[in-house]
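Next, two complexes with subunit A in common: one pairs it with subunit B, the other with subunit C.
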Partner chain A sequence: MIDEIALKELIYKMADDLLILGHRNSEWTGLGPLLEEDIAFSSMAQDKVGQSYALYQLLHDLGENDPDTVAFMRNAEQFHNCQFVELPIGEYDFSLVRHFLYDTADALRFEMLSNSAYEPLALLAKKIKGELRYHTMHADIWIKQLGAATEDSIGRLQESLIQAFPYALGIFEPSEYEDQIKADKIFEGEEILQERWMDKISAVIGSTALALPDLGTITPVYGGRKGDHTAHLQPLLDEMSEVFKIDPTADW
Partner chain B sequence: MYGGGNTFEHIKSNGLEEEDPKKLAEFEARIDRGEKIEPQDWMPQLYRKQLIRMIEQHAHSEIIGALPEGTWITRAPGFKRKLALMAKVQDEVGHAQLLYSAAETLGKSREQMIDDLISGKSKYSNIFNYPAFTWADSCFISWLVDAGAIVNQLANARGSYGPYCRALERICAEESFHLKYGHHCVIHMATGTAKQRQMMQEAIDRWWPPMMHFFGPSDKISVHTEILMRWKVKMGSNDDMRNQFLDMYVPKIWELGFTIPDPNLKKNEATGRWEYTEPDWEEFKRVINGDGPCNKERLAVRRTAEERGRWVRKALLAPKSQYVIPLA
Partner chain C sequence: MTITEEQVSGWLEAVKDPEIPVLSLVDLGVITSIDIAGEKVKVTMTPTFVGCPAIDYMKKDIVEVLQNHGIDQVEVEVNFERQWNSNMISERGRKALKEFGLAPPPKHDLIVDIDILQHVECPNCGSTQTVLKTPFGPTACRSIHHCENCKETFEQFKPL
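Let's turn to the complex of A and B:
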């Protein structure tokens, strides 16, 4: 018997991450550093928002509200995304570093979930991991290229890496249901995910002129999974729901 | 979207007397036979210059046009609209990429074209100098501005320059989906709540004058472009394009129960042409020359994007010898 509360908590945090990061990445549309990157970020943003929709649909099947209501009508403290994804896009170096750190974790997460005991999630994870393959390929190429190009590009990426890292560790904020979802074989847990993530990102960063911050000296930024957010999330949600809330019962 | 209403300079001297008459005759004979001109083929200087100008304007219109619509991606109501609008605007940026590549085959680099855009030297479709205040404005753009662009682009796809025609064929295929998306949005506004209908009507009222301007000045006052028509650079007169658009879309707008803010708008059944109040061409000129509601903002946003992205482009060009390892 699967613990539904634990399962929902897991799906909510993944869905919220993807919606918020997809929304953020879409802010690059029309403003990218070159047309090809503009298009790439926009395309990945669509995938993320689409993936979040599919996850909200799973929640709907589990008795939660419909995806539009869930996405457009909640306030910041009801969101379970990590704080990392809600931070503003900043300069391209920050957005690229976030894309690399987050998507590497996400690709591993959905790989693990493709063996989940919760069949609908396993099926969806198989589909999503196929899409994420291209996201991580994109991130790796750019990190390798800009992380070993000019003094300026290396300096920018390094600074963003230092800034992003404590927030990136917040992706793996342990859930209070961690033991339950492991016991139910829904997900192997955040700790294993973080270990695998460290291996992956270390390998890519190792091939550049960049250096990863020392894990031992960093305090992860937790709280997002429990509804504790930065001041950036509520304005994002207000903007997202600006039209929807003119009349939430209207069909737009 | 978004090309259309290209502005052509008055051709003071066409320089044709300096061209090799034999080559010129062969060139014109090929165009008459409906053959496409390819990048490596001989072409008169004037043809090259006007084509660069036209394709460049079209490319600029795509990236500038992505700005007023792009601001609605983060505000689109509901998943269905959010996902569709993201995909649509992404298409438009993709069109810019295709078009810059087509123009590059004529000898002007993308960087030069973008420099000319942000310095204000090159033009883009005038309609994007107007603001998109509400969601309904973005619906108007997706449906009707794209519809206007398709009228132009379908005509231009039959033009004489191979790379441009091929880019346009692909663009038109994608545009047809934009049109469906935009129409779908407007239908929902039309059949929705009183508030939705009101928002849409207000958007139509706001956007109608720039929409009439979209196809360029009236044939009565526009510069003579016979030679460009003969060379299949320009494929139809501004008034013909405008008439085609009105014929296709005015009935559809009326069918949805909206009004159009022009009491003189009607089809003359005897001539088959639409009659309308003459658009304010002074305003058109003023806006295209930089004094519209959003000209400064659009170029400033584009300029900022170029400046913020410069380090990335520079890093991509960096030769291996510049690698610096390690950081302290």
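Let's turn to the complex of A and C:
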């Protein structure tokens, strides 16, 4: 017997992460530093929003509201995304570092979930992990190239890495249902995910001139998973839901 | 009138991918099952990419085409039970893609790494002296490449 409250909490935080980061990625449309990067961030935005929709659909099947209502009608304190994904896109170096840190974790998370005891989630995870290969491939290529290129590119990435890291650790904020979802074999848990993530990102960063901040000196930024957000989230939600709130039947 | 699966499958050849109008859903490999119960037809399909925006159009087109063949009770279900991968594109589909100017995805053993994205055969001149420009293209399912031989930039239907 699966604990539905624990399951829903897990799906909500993944769906909300993808919706918000998808929206942030879309802010690069028309502004990318290279045409190819403009297209890449726009394309990843489309993937992420689509993946969030599929997860909201799973929640709908579990008795939650329909995906549009869930996406557009909640206020910031009802969102379960980590604060990392709601931060503004900043300069390209920050967006690239966030893309690398977040998507590496996301690819590992869906890899783990492809063995979940909750079959609808396992099937979707199996599908999504294949798509994410393109996202992590893209992130790795750029981090490796720009992380070993010029003084300027290395300096910018290093600074963004230091700025992003406490927020990135917030991805793995433990849930109050952690023991439950492990016992139900839905998910192996945030702690194992974080360990695997550290191994993966260390290997990529190790092949560049960049250095990871010392984990022992950093306080992770938690709170997002419980509805505690920065001032950046509500304006994003207001913008995202503007059309829906004017006319919920609008089609586009 | 008794309808058969073959008949329905044949009719569905008229439903094309709205973003690649030369490729039918059958050749694309996204129709995973056709179930017939009396006068009722249920078509199950699975998306190429989870966020594919064309899926709603495809569903609508399936219903329309089958209705034109006199089937009024059509149900289209989208699920992930049988998952799509690019090996499921038929030989005829691959040919259609190439003629359309899109490089067909190379067959793979379900593990896509960067090596198979390099040196994709150019659909214009057939050269393999090509480079991957970016794994993301104008739609979720395409990547962008450049041919060193004919100097054309071209797109590939991504292996997945």
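The rule is short, and it goes like this: the second predicted complex is superposed on the first by the 248 of 252 C-alpha atoms of A that agree within 3 Å, B and C clash if a C-alpha of one lies under 4 Å from a C-alpha of the other, contacts with A are read in each partner's own complex, and residues count from 1 in each chain.
Operating definition for what follows: a residue touches a chain if its C-beta (ideal position, glycine included) is under 8 Å from a C-beta of that chain, and two chains touch if they have at least 3 such contacts.
The structure presented is a predicted model; accordingly, all values stated were derived computationally and were not measured.
Q: After lining up the shared chain so the two structures overlap, which partner does A:S114 touch, if you call subunit B first and subunit C second: first, second, both or neither?
A: The answer is neither, since A:S114 touches no partner chain.
Q: Touching A:Y53, do we find subunit B (first), subunit C (second), both, or neither?
A: Both: A:Y53 reaches subunit B and subunit C.
Q: Using the touch definition from the top, say if A:K126 reaches subunit B (first), subunit C (second), both or neither.
A: Second partner only, subunit C.
Q: Determine, under the contact definition given at the top, whether A:Q180 touches first (subunit B), second (subunit C), both, or neither.
A: In the superposition, A:Q180 touches no partner, neither subunit B nor subunit C.
Q: Quick one: classify A:I39 as touching subunit B (first), subunit C (second), both or neither.
A: After superposition on chain A, A:I39 lies in contact with both partners, subunit B and subunit C.
Q: Using the touch definition from the top, say if A:Q234 reaches subunit B (first), subunit C (second), both or neither.
A: Once the two structures are laid over each other on A, A:Q234 reaches no partner at all.
Q: In the superposed arrangement, which partner chain does A:L31 touch: subunit B (first), subunit C (second), both, or neither?
A: Touch partner of A:L31: subunit B, not subunit C.
Q: Contacts for A:R156 in the overlay, against subunit B (first) and subunit C (second): which applies, first, second, both or neither?
A: A:R156 sits against subunit B, while subunit C stays out of touch.
Q: Under the contact definition given at the top, report the residues of subunit A touching subunit B in one complex and subunit C in the other.
A: On subunit A, the overlap between the subunit B and subunit C contacts is residues 36-37, 39, 42-43, 46, 49-50, 53.
Q: Tell me, which parts of subunit A touch subunit C in their complex?
A: 36-37, 39-40, 42-44, 46-51, 53-54, 123-124, 126-128, 130-131, 133-134, 137-138, 141
Q: Which residues of subunit B touch subunit A in the complex?
A: 63, 66-67, 70, 73-79, 81-83, 86-87, 89-90, 93-94, 96-97, 100, 135, 185, 188-189, 192-193, 195-196, 301, 305, 308-316, 318, 322-327
Q: Which residues of subunit A touch subunit B once you look at their complex with the stated criterion?
A: 23, 26-27, 29-39, 42-43, 45-46, 49-50, 53, 67-68, 71-72, 91-92, 145-146, 148-156, 158, 209-211, 236, 239-240, 242-244, 246-247, 250-252
Q: Touching subunit A in the complex: which residues of subunit C?
A: By the definition above, subunit C touches subunit A via 49-53, 79-81, 83, 85, 112-114, 133-138, 140, 144, 158, 160.
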